[in-house]
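In what follows, chain A forms one complex with chain B and a second complex with chain C.
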Partner chain A sequence: MSRLPTSIGAALDRLVDASPVERIVISIASLLFAVAVGAVLVLVSGFVTECDDPFVLLPGVGYGCYNPLEVYWTMLEGAFGSSSGLGRTLQETTLLLFTGLSVAVAFRAGLFNIGTQGQMVLGALATALVVLELGQLVPQNVVGMVIVIPVGIAAGALAGGIWGMIPGLMKAYADAHEVITTIMLNFIATGVALYLVQNHVGDLTSDSVLTETIPSVARFPTSISDSRFSMYALIGALLVAVGISLLYTRTILGYELRTSGIQETAAEYSGVNAKRNIVTSMTLSGALGGVAGAIYVMMVQYRWQSGIPALGFDGIAVSILAGNNPIGVIPASLLFGGLKSGSVAIDLSLGVPNELVDVLRGLIILFIAMPEFFRMLGKWSGFGSDPVGASGGEEA
Partner chain B sequence: MALGAVFVGLFIFALWTVGLVGSSSISSALRLTVPIGFAAMGGIFAEKAGVINIGLEGLLIIGAFGAIASLYALSVTPIGASIWLAFAFAVVASTVVALLFAIVCIEFKADQIIAGLAVWLIALGFAPFASYIIWDQTNSPSVGSFSAWAIPGLSDLPVIGGLFVATPPVILLIIAVPVSWYLLNRTTFGMWIEASGEDPKSLDTAGVDVRKVRYAGVLLSGVYCGIGGAGMALTVGQFVGSGDTMMDGRGFIGLTAYLIGNYNPIAAFFASFLFAGLEALQIQVQQIAGFDVSSRLIGIIPYVTVLVVLAFVGKTQMPSSAGDHYESDD
Partner chain C sequence: MNVDDESSNRTRTGNLAVHLDGITKRFPGVIANDDVDFEVESGTIHALIGENGAGKTTLMNVLYGLYEPTEGSVWIHGERREFDGPRDAMEAGIGMIHQHFMLVDTMTVAENVVLGDEPTKWGGLATDRKKAIEETKALAKQYGFDLDPTKRIQDISVGEQQRVEILKTLYRGSDILILDEPTAVLTPQEVDGLFGILEELIAEGKTIIFITHKLSEALHAADDISVLRDGELVDTVSAENASREDLARMMVGRDVLLEVDKPDVERGNPILEVEEVTVEDERGVTVVDGVDFSVHEGEVIGIAGVDGNGQSELVETITGLQTPSDGSITFDGTEITDVSRADRIGMGMAYIAEDRQKRSLVMEYELRRNGILGCQRLPEFSNGWRIDWESAEDYVDDVIDEYDVRPPDPSAEAHSLSGGNQQKFIVGREFERDPSLVIASQPTRGVDIGSIEFIHDRLLDLRADGKGVLLVSSKLEEVRRLSDRIAVMYDGDIVGIVDPADVTEEELGLLMAGERPTGMDVDSARVRRRESA
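Entry: the complex of A and B
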């Protein structure tokens, strides 16, 4: 697998070579293309499914149930149009900030961490177990909360960090490619967590695989009525994003982390311990995934339960959409949080399966993976001098 | 060497496993090998040609969903529920997706890893989405499945006779393994595939279009995964779209099976069979009440094995130009 890093490195180079404006244009164009393909999918699906109130009749084809524009409008309204919708959106945004940053931190070091999902699953479990124990020992008031919640976050970060460190070590010292190892570790994490919860640490009286509910002292205080969203978690996530941005732009460690992953040999020559830095990057990435799990338990689910949403994979889309820039992750998370939150609304009110967002997630990743597509499109549409910008403009 | 030792160890373990659960389980292990083995062989063709196809899992999902959806759709047409026709549609569907992946990688020079991941994630979202559209739930109803074929004469043998009663996908797999090996190692096409991944420049100089060879490699991975996915779904008779879908990572196990098998279809098949054997064991264990090993822990053995192998072996003998774009000079 020794050549794999080169290919990712090259892709990163291409992205980095592109000017910031170009990258933003590529992201927006990719998003629009994904949304357009999604619209076609929705439209076609409408002719396959059955409904009482079709929106269009095509002679010879049949009734179409879904109007793509209405679907996207309902999505937007569902995401931002009500306080509970907004709460859900911001809740998703907070989680996606952490998983997106997790992927971005690895990407910055030239590493593709597909394992954020597993790091999150184990981080969530560690948090749930720690706060279940600790919650009984502390006073049931604000003081207890100030103790339990940070400890819970630390537990998640620790578990996720260790799980992220494994592929880091394997990459640095055994040259095992992190894409393969992190995918494997995702399956292992889920298997181990389910085993532990089902057989040892979970609520063994329940038929479902879940832990007991965490005490109120371990729950983030809610900020919006009808929602479990907490402003504290969001502010914390934003601060982490800014902090990571500063780490890369203002510190020597950040500089070393980047060069170690992208140009290991060059980094070694200049006296940097590249192997150690690869491990550090993956550990940091894993810790952020673990924190996402911690927040999920303490702000969303209030327990560990099987079927944790694939926020780790959403994080890949968020990070790539953000050009792997920690600050860019902020709007990308909000956008994706809105999509995820809005998908609940389209499912409820229009009967369009919310898996639509999962399709969009994949499409966004696919389009961003091929900047050349937009360059060609730009050339083809006749704006040769500023191909990327032109293509984006055309589509917008 | 280390790889060989691990492999031999695994094989002994698999024999022990099979011995533990009884020889009748070989048949069930072979059925479970179908998606893994076909994904592995498909991955070999794509990667040897120079395109790393990490989206094998997605192609399997498309194959499985395509087969069941086609069969369901066919049953309301005058044609009727023809399993083989549904099987063919599924292979076409998977191959079309592979073609799109090839275009994205070869024409638009996308990063192969990221694009392959996207293929998986799109399939992972699309299949349950479409299941809801068609069946109003993530899992399809039972729609019918392949019946087993008994090979005349051999199936009447005592003890091992059971091995010669197999479902068509298993028979296809047994045929595909030596055929793939022959294609890769004894034909001109195989040489082109090899050269396209190892030394595209020479292949180009020799007057062969590297692009076309790479397309062929990726398309073959689509055909194989279509067979593997459809083969599994039409054996089960249902599409399961909940969680990680019924494929549940089998494409990734296939991917690691060919890494462990060092890009040799025969070795990859044995590695796939080992992993499938573990799965068969896991199913057996679930049926023995009170047995103290959690099936969940057995379920993660394939993934742990891969990690151990990678930790000791690290890099595999990857084609030297896999993952790189090739630009012809003319």
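Entry: the complex of A and C
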């Protein structure tokens, strides 16, 4: 530990010991700092490109094309300033909530589910197929909706859950590490879905790989004009976040799931079937990924279509940013959702290249995630106030 | 406190290899070392003793450059040194052998010895393995170590691994060796071997400091003994002039009863009956072979035996972590052979597992969460699905308080506690929930003398309350002192059940080696079978 210069060590100590309030302050400061660095970057890039309508002229340097303030303002306005923008933001937020929670549930239980993407892809397909069938059998009104939408969600959860259970079984009974198996299962999920849709269950008349459009009884009722966003989905997501938080802090099941994932031998000691619990955790995580897919089909795309966005992988970043805390996933997905939605607006209105917007987004996420990342790292390598030292450090 | 008076009585060189002058080390809220003057004469073996949390390891970490002292200075061979890390300390000739070895299991002895300082060839592009082996061999020969440099670490015994650690520091040219609880992981034979090696090293002019909380070891192996208590140096005495009682008093700060007073308790009904239990391991090898015994209420049954003779498997079978291939187990009148571990806990079976860091604690959990490990489904702490954290926290506070767990902080994570404090916490958790049967496997392993006394007293309290206790320990003394009957295990079988009052240590030793002491009537079909064959 003392190989590091003492100033860095001391900084890590302080970071690890930071109180929740301090951590929020650190996050906000990081956000501001990221915005400042991004502004410089935008400004500088503006001088190395050409445009018809430069906003500033620096003698001896040239014309600057991009105004950072305008970029940020457009981003903010794009994310929250219009009903369609707000709808897009909340839509992203809802989906990220489910994928983020999917990753966080596994993380809390000491498991690293990289497979949320695959679980979402298959969950989405299952939902699309089930509601396409069921939609024809029910009355085309609210009653039909109340039947079809929950069944659609259940279908997504079931498919995602099964896809999550597979790596769980492999981990528990064959010692196969879940990081490897879930990554591989992502590829398999996409391959299987594409094959099925293209050759068997999809709209075989279309050139694209997609299913028929789902009937209106299977679509979430929209809450904001010019947008497919539904308040019901968001509220559902928030309730799930609270539920999962309670699961791990208050219930025996959560305690046992977590113990099984973190330390299997101790879980057995406490009278728990640790292997079965590992499978349960992965299944639960997969089911949430599947629900994300269900919402994607019933609220966003209205069909299964190839090229599903990488919401599952974004979920990993959301979960890490939230410190894997289910409640923390809420603001983290709002930030991600807002950034994603806001950057679409820049694309459309300012002519600032897509890549630069991605860089800005990356910077903000990086800066906010870094302190938390270093905190985890510092904690892991033994920084922070040292109770071992406090007890004399015997046998430590 | 006056160290100079003591050392002037001796006829030695008087050269100080190590002088820690007024060392104070503060951690937030705690003083781990308080103005400690610690002197080690060159060419001697110096024992540093004290209870868990007395500040022994902290002091040695200061000497080894891991901690920077808050106040005070470090003098090596009369020269003032300031270490900015262990690398500096190593350069000054100080080597430390930690309790948990830092070896690469898949590499050979020689590779481990030279690791970080490898002889190279091809202008530094490759490790010169041949030279590494030769140098390791030469070094081992010089100090009389019996080691094969080409063997892999994973294939050699713990005692040999420790010798590799010692060679590693010698290879780096250390002449002051610090050993942190070197005997904690060794068998009695290996302990003797280690002390032989220490003598050898002294003969070669090295200086040795070893940390221990076993008084007999300090008296046996050391020239001088320094005692730390609550971060302060109580005294440094020469081993010749010290007695166990003196040292114990200095360590604990009061008189310690080294003998346990065991009142007579009326033996009640059998609480645990083990009949013909046979256990096979994963490869189908029989590790417990038709074991029979019973534990009664108000009785301590001790299981003695050399480690690895089936005790662990027997205990795990009784507690429900392994399934017997044959035989039956009855607990409080109910047959539990096929009953789950959770139900056995619910019926009042408490279990202190041998490997506390693997089994009895979740190292990443705070004490609060560890406090209900195993009891999470008991009605005191839950209504079937929801955990009652309020009563759980009350319980943990009680355990911490009653069993003097340090630091007394329910939100401290288990890995941050010292081994002794971890053990006190586990013992407290298991004892305080009023079990009817306690299975205690190595309950005082790695625990200091004051806490051992405490744990022994609690075990006997349980016995006096009419509970059954099954005690498994590799410390013969402990088993003899606490048990009403001793069952000796050898090669998966109980080769004899004896009354500790009627048996000498030698006789027990013979039984543990699978022999029948002359004139002793041993109730074991196995021994008889072998004798008639």
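Methods note: the second predicted complex is superposed on the first by the 279 of 396 C-alpha atoms of A that agree within 3 Å, B and C clash if a C-alpha of one lies under 4 Å from a C-alpha of the other, contacts with A are read in each partner's own complex, and residues count from 1 in each chain.
Criterion: a residue touches a chain if its C-beta (ideal position, glycine included) is under 8 Å from a C-beta of that chain, and two chains touch if they have at least 3 such contacts.
Since we're looking at a predicted model, the values are computed, not measured.
Participant: In the superposed arrangement, which partner chain does A:Val146 touch: chain B (first), chain C (second), both, or neither?
Facilitator: neither
Participant: Could you tell me if A:Leu69 is touching chain B, chain C, both of them or neither one (first, second, both, neither)?
Facilitator: neither
Participant: Scan A:Ala266 for contacts with chain B and chain C and give back first, second, both or neither.
Facilitator: So A:Ala266 only meets chain C here.
Participant: Is A:Ala36 touching anything from chain B or chain C once the two structures are fitted on A? First, second, both or neither.
Facilitator: A:Ala36 contacts neither chain B nor chain C.
Participant: For A:Glu256, decide between first (touching chain B), second (touching chain C), both and neither.
Facilitator: second
Participant: On the superposed three-chain arrangement, identify whether chain B or chain C touches more chain A residues.
Facilitator: On the superposition, B touches more of the residues of chain A.
Participant: Should A:Met184 be classified as contacting the first partner (chain B), the second (chain C), both, or neither?
Facilitator: So A:Met184 only meets chain B here.
Participant: Please work out whether A:Ser45 is in contact with chain B alone, chain C alone, both, or neither, and reply first, second, both or neither.
Facilitator: It touches chain B, and chain C stays clear.
Participant: Using the superposition on chain A as set up above, list the residues of chain A that contact both chain B and chain C.
Facilitator: Shared contact residues on chain A: 1-3, 6.
Participant: Over in the complex, which chain A residues touch chain B? Could you list them?
Facilitator: Spelled out, the residues of chain A in touch with chain B are 1-4, 6-8, 10-11, 41, 45, 48-49, 112, 114, 170, 174-177, 179-181, 183-185, 187-188, 191-192, 194-195, 198-199, 307, 313, 316, 320, 353, 355-363, 365-366, 368-370, 372-373, 376.
Participant: For chain A, which residues count as touching chain C in their complex?
Facilitator: 1-3, 6, 250-253, 255-256, 259, 262-263, 265-266, 268-272, 385-396
Participant: Show which residues of chain B lie in contact with chain A when the two form their complex.
Facilitator: Touch list, chain B to chain A: 52, 54, 104, 107-115, 117-126, 128-130, 132-134, 243, 249, 252, 255-256, 259, 294, 296-297, 299-300, 303-304, 306-307, 310-312, 314-316, 318, 320-324.
Participant: List the residues on chain C that touch chain A in their complex, please.
Facilitator: Touch residues, chain C against chain A: 25, 27-30, 32, 52-58, 61, 65-68, 84-87, 99, 180-181, 184, 231, 320-321, 340-345, 351, 353, 355, 358-365, 369, 372-374, 376-377, 382, 384-387, 389, 406-407, 409, 412-413, 416-421, 446.
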